[in-house]
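Shared between the two complexes below is chain A, which pairs with chain B and chain C, respectively.
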Partner chain A sequence: MKAKLSRFWKDLTPGRALIAVLFVWFIMTCIIVPIVHLLGTIFLADGSFSLEPIHKLMKSKKAMNSLRNSFILGPTLSLSVGIVGIFLVLVTEYFDIKGANILRLGYMTTLLYGGIILVSGYKFIYGSNGFLTNALIRIFPSFNRNWFQGYWAVLFVMTFSCTSNHMIFLRNAMRAVDFQTVEAARNMGANQWTILRRVVLPVLLPSLFAVTILTFITGLSAMSAPLLVGGTQFQTINPMIKTFADSTNSKDLAALLSLVLGMATMVLLYIMTQIEKRGHYMSVSKVKTRIVKQKINNPVVNVIVHILAYVLFAIYVVPVVLIVLFSFTSSKNIATRTLDFGSLSLDNYRYLLSASSNYRPFIVSIVYSVLAAVLISVIIVAACRIIQKRKDTLVAGVLNYSLMIPWLLPTTLVALALMLLYNQHHWYMFNRVLTGTMIIMLIGYVVIKLPFSLRMTKAAFFSLDNALEDASRNLGAKGWYTFRRVVFPAILPTVMAVAALNINSLLGDYDMSAFLYHPINPTLGVKVRSLTEDLTNANSTALTFVYAVLMMIISGIVLFLVYGRGSQDNTQSK
Partner chain B sequence: MIRLEDIEVTFGDFTALHDINVHVKEGQFYTFLGPSGCGKTTTLRTITGFNTPSKGRVYVKGEDITDYPVEKRNIGMVFQNYALFPTMNVYENIAFGMRVQKVNKAELDERVRTMAKKVELNDTQLMRKVAELSGGQQQRVAIARALVTNPSIICLDEPLSNLDAKLRVQLRNELKEMQHNFGITTVYVTHDQEEALTLSDRIAVFNNGRIEQIGTPDEIYSHSATEFVCNFIGDINKLRPQLIHEVNRQSNIKVDPDKANYIRLEQLHVNYKRDGDAVSIPARIVSREYYGLYIKYTIEALGQTLKAIEKNDGAAYFPEGTDVNLSFNPAAVMSY
Partner chain C sequence: MKKTLALLLAAAMMLALCACGKTEAPAPAEEAPAAEATEAAPEATEATETLGTGVELTVYTNSGSSGRDAWLTERAAKEGFKVVVLEDGAGAIQQRLIGEAANPIADVVYGLNAIIWNDLISRDILVAYDAPSWASEVSEGLNNADGYYYAIVKQAIVLAYDAAKLSPEEAPKDWPDLWENEAFHGIYRVEEKLTGGTTRNVLAGILCRYLDPNGELGVSEEGWAAIEKFFQYGVVAESETNLYQEMVDETKPTIMGQMWSSGVVQYDNEFGTTSGWAIPEVGVPYAVEGIGLVNGVQNDEAKYAEALRFIEWFGSAEIQGEWAEQFGTMPANEKAAEKADAVQAEICSIPAQDIDWAVVAANIDDWCEKITLEYMQ
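Take a look at the complex of A and B:
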């Protein structure tokens, strides 16, 4: 113990001490203290412990409804997304379906746009004055214009927007299936259905459980879909938190609801980690063979599967196509939801550039996303280096778990916790009130993206061959030189990829910015939300479409750079 | 040149090295040989400074370097997987150590190119990414990188273990030639006895964190000091007491039947006439394996199965079931 302490003091240079102080300050002021303060807001409102907010919550019909709705949406969404997701993976990766490559591209459009922009796109088609609704009314005049509202509308929109995880993780798991196991089953007389049920799907099961739980959490934390298409009857926890947080007397209710959401998330993530611990099935074949697509033997089933695959393709692709097309049409066309290919122009894009209020939110979001991504990269690289160098020590453990805390917390809880804490000045934040300033949302963005960034970057650090550092030291280089010249260049591709993915997901954020945005500088998500409140205004809709198209282009480029060029493996392993 | 005195290395409660004493002379090719986990790499890493001994001292040219950090030791090292920096090209990899030493640009360039020539890397290869090189070229880059800073010693940690058999033999020869040309003191770690025997001036055989024997390749092979060394190096026959009694009956050279007695395969001769101190035992060929250069026989003699190899000169080619005489000199028996 004495030797350890003496080594600790020997290792503690001024630079290391400064980094330690900065980490402690950041973790305490941006993660721990806001959450503790949030708990205090709920249970210690008058300086003494009270369960009054719980009684207040239980008496609030709106709040209880939102809770009930969220707990209906969570499991049903898991089920619907599971069914659709598995179907998508099977038709693109396992069964021999004509045009599978085109279908795959269509199903992956949800990777290009999401959140509030995607929901507004669906609303444009299916909403009360939507493209499809108008078409249906022309055929059936008595058709209910407000048909696309409430639970089913939310479930529909979210089902098709939440299959992204399936298209990434489940697809990878499917590709890992060893085709020789399929051939072995066939050799033993198994039919197609038995092979799928007994050989293929069990291999996918661990990934399937994980994505199902992630979908459950997404359902519980739903914000944009209930807000835009839930109507008055189907509001879930997150929109309700926003409503209570905006009211002066119900902030404790907002905090309590966010706590309930946080606890539910923790339970679900605990289940997920338990499933992850069971591990994945590994192929034991000496020479693994790639899966060969299976032709569906039964002709009737084959036709039905083809039809379903293309119907789903239409559901995925039509909103994207219409958003792109309508972004080039005139206000009149948008207002009447009619397409006139002769009048396509760049007027809406010019409109975007015509007023700063139009293009400013886009720039604000880009600046926020880039700044947050850079800050996250710096924090995470430093943290990972400490964790790597001090592996199996208390310092590494505390740092690792502290930065993973936000993983357990819904975005709204983090936002609310920061908002409620920093609407007063505190010495540890240099006596500055942050709520309502530009900086608080940057902190929020950084905090919510820490866990994802840490997991990805840490994996890159630990996959690095230790011999590289040994070689550098052997050639005379000291720690900082080795890090700068050897370690950092090797992990740079991962750091860049993580930063790009963070920028991509923060660009269209609404959940965090709804609470923390600066009134003079609203983000893209906030702007789109305000525009969708008035979809009858053709200019507003046109602007939403232009934003959506630009977002898709940016996301497309980011995804291509990160995934499209193949993974770069810079670590040498033999 | 290098002296390890009473080295002990511990990892937590586990003692990886016990009382290691080694003396490597200048210009020698010195090999640490042993099975996985025996402590040979730990000893090497103690010389280079990656491991700190809990007991004992490390001396280089008489200077105690035990407490010197890795970067101050000036000992070149070639790693098992070469540890070439993947983000740098060949040139930058070789130049790395000199950049750390802040060698001026012109000198650095000259030394990189001279060293590259010595290890047979051309200008085009210098500008290549390390991942684009073959295993043999990567090994040459690793050696060039280790030698370009003019270290007094070079340590090689199983540098041939990742290569296929043919390339291993080819590079083994190149390595020996390079060591001879550079004249640098070399410490080499391997688990491959053939590599150790063909390359080394001296070999230290490790087992369970201790040195079992230090000697020349011939001493290690023909006069193995311990039963472990005898078993670890080359193929061997263990002789049963019944056979030893027959040996003692025929020969003046007595072998203790209560000890563990071994004889190497090439010391057994099939159908040779008894000569001098040699003993001759009636035997029968059980099976034979044809290797081209030689033939390996499985023979039954006095109820014991033995193996023997004979040079394939066309004469000694006995079919299975042939009754033969098995002769050997009892002086070749190693007893423990």
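Take a look at the complex of A and C:
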């Protein structure tokens, strides 16, 4: 015990102490204190804790149905997204499929846009007045217009919109597969299926677990898909949480419902962590060779896989193409779904770029998202390093779970928590009032993206080969040097990918911005909202499409900066 | 060797924190004047120098979209005002004001509706002020009796229907007809989100007919039964669509639903429809957009004076008339009423329903919560 304690003091260098202080300060002031303060205000509003909200919810058929639907969607979505996601990665990275590069671009379109834009795109095709629906009705007049509604519609839309994480993280993992292991298995007489199942898949497992959990959480907290295509039969819990959170007196219900979701999330994460601890399958080879794409031997299977790959391609690409095309038309064309190639014009774009109040929000949102993404990366890499180094200690556990806390509450409530605490000065925030400053929204942006970033970055740290680090040390490299030259380059692709995803999702944020944006700097999400509720501008629907397209372009640039160079490296190494 | 790593990481974190603090603050400040300068006409800039007190006002509103915020900033600059307009949904503005109460950022608020105004009053977020000179020109009963806000714009909240499908004789006369007359079942729209101002005015207009201090949440059993039927026989609105989109969509059964008066005019123009509207005997709820002062501004003498000057100017018949011409609103100021659209003026001639807004403001959240939990499918 004494020895342990003296080691602790010996280990505690000034630098470490500083890091520890920074982390404790950050976690306490930006996460724990605001949230505890908020929960206190809502649950103890009348001075004492009451079970009333629980009764109210138990009594409500709608609430219980929504909750049940969320818990149905979570696991089924993990399954369906898992199947599609693995298929996509295999088709683009493992099997030899004609036109794989174009397919990959198509599959990656979900990285460019999400949420409401994406669901609207799908509704354009499958909705009661959609292209496909109308075509089907022309062939079968008795066809039910409202076929695309309810559970299956939600599952369909979300299955295709949630494969982004697979396309990034699973793909990264697939590239780490050592081809020598595949060849060795083949030499030993294993067939393609066996190799896939016993050699390739095990290497993908850590990433696969991580993305599956993320998908599960996405399913639990589904929002825009149920709202737009769920109909009355299949509503989930998150829209209800949002409604209650927006209402000044119903916040207790919002907090309670989201705590239920949050607890489920935490249980899942705990299970994950336990599985991760059991260890990983990893190539022992230190000289990995890159995967050589495998031709599918069975001709029938080959044809089927090709057909499926291109059907999926169409499902992914058509909504994007439609959104881009319709951004050149008027709101009326959008409402009636008529596309007249002769009437396409640049008017919407000209209008939008004519006033600085229209494009300034882009600059504001880009600056905020990039700053937030950079800050998040620094915090998360430092945290992961600590968690990795001090595996199985209390410090690692506490750090891990406290950075996950923001997952317990919806964004609206996190924003409120920050606002309600920092509208007054507190010594731990250097006696400064933060509301009305530019910094508070940045804190909010950082806080809500921490859990996701930590989850994904940690997976990368765990699949790191410890032997590399040992080798570096044995060669005499110092700790910092090892980290900088060995560890960091290995996790860099993931860090960059996480940063890109964070930037792209923060770009369109409304929930956080609505409460915290500075009067002179409205963000993109705020601007788009004001446009969609704009009553006097007949063309507002069309303008939201233009914003969507511009957002896709920015997201595309961000992804290109992250991946464009990456793929160049690949071609060189080939 | 770990020391260096640790130190550098810490330095990186510090740097990042400092960097964002520094780069961020000045950047917008630099941009803002530049943007203003290019937008505002030269004479406006000169006017600012001669007329203005130079005191900047922060104005919160939910009525700033469609270029209203830009118009206001420019128009006010001509009179020597420096205003920064923050625009967001009514609910978001309400929440911001509540959240910032301890150290308010806004000086003046305009827009919103009686329900939210009364909620803000009960939370001590507004400060009463002496009636501006135009207050007496406002239609009766719209100003707050205690001087917390004075009305600038009014919107009648009506039950609108597609006049091409229903004659005035066939159409509903009042909200209860919707659930009491089977002919209307399944062809009227009910909202799914109960957070909107219009929706809440409609619910208030229905529920306040059944107030009963002994009933659940102050409403009699009969009242709750009525609301239950209202939602049961309605068609739940598809999110992201408006009433008129559903009206013109031949595949949808919906031909009637709630609408605000300026919306009737605008959507008829946009969608080529002809609307009719129910004229209930009890009158219709009015969403009153007012203008008020945020509690705290009175502590800064210069700001207080400037804010009062701004209110005096903005609510005047002249400016509200220009506002009406520009954005199709219905001025609460009767002297400016002639500047409003004729159809809208006609709708707004329906008498106001007698509603106790303080009671509504105190209960509306709980009512909506109960409806969401128990009566929505």
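We take it that the second predicted complex is superposed on the first by the 314 of 574 C-alpha atoms of A that agree within 3 Å, B and C clash if a C-alpha of one lies under 4 Å from a C-alpha of the other, contacts with A are read in each partner's own complex, and residues count from 1 in each chain.
Here is the rule we go by: a residue touches a chain if its C-beta (ideal position, glycine included) is under 8 Å from a C-beta of that chain, and two chains touch if they have at least 3 such contacts.
Predicted model only: the values in this text are computed from it and were never measured.
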Touched partner set for A:Ala467, first chain B, second chain C, both or neither: first
Partner chain in contact with A:Ser247 - chain B first, chain C second, else both or neither: second
Touching partner for A:Gly397 - first (chain B), second (chain C), both, neither: neither
Partner chain(s) touched by A:Lys478 [first = chain B, second = chain C, both, neither]: both
Touched partner set for A:Phe515, first chain B, second chain C, both or neither: second
Touching partner for A:Val486 - first (chain B), second (chain C), both, neither: first
First (chain B), second (chain C), both or neither touched by A:Ala63: second
If touched residues of chain A are counted for chain B and for chain C, the larger one: C
Which of chain B and chain C A:Pro202 touches, first, second, both or neither: neither
Intersection of the chain A residues that touch chain B with those that touch chain C: 478, 481
Interfacial residue positions of chain A with respect to chain B in the complex: 465, 467-468, 470-478, 481, 485-486, 489-490, 492, 570-574
Chain C residues touching chain A - in the complex, by the definition given at the top: 1-10, 12-14, 16-17, 20-21, 23-25, 27-28, 31-32, 35, 38-39, 58, 64-66, 69-70, 84-89, 91-92, 94-96, 98-103, 105, 119, 193-195, 236, 238-240, 245, 248-249, 251-252, 262-263, 266, 269-270, 327-328, 365-366, 368-369, 372-374, 376-377
For the chain B and chain A complex, residues of the former touching the latter: 48, 50, 69-72, 74-77, 79-88, 96-97, 100-101, 130-131, 145-146, 149, 162
Interface residues, chain A side, partner chain C - complex: 13-16, 18-19, 22, 56-57, 59-63, 116, 120, 128-129, 145, 227-228, 232, 240, 243-244, 246-250, 253, 331-332, 335, 355-357, 360, 364, 367, 371, 374-375, 378-379, 382, 385, 416, 419-420, 423-424, 433, 435-436, 438-439, 442, 478-481, 483, 514-515, 517-522, 526, 529-538
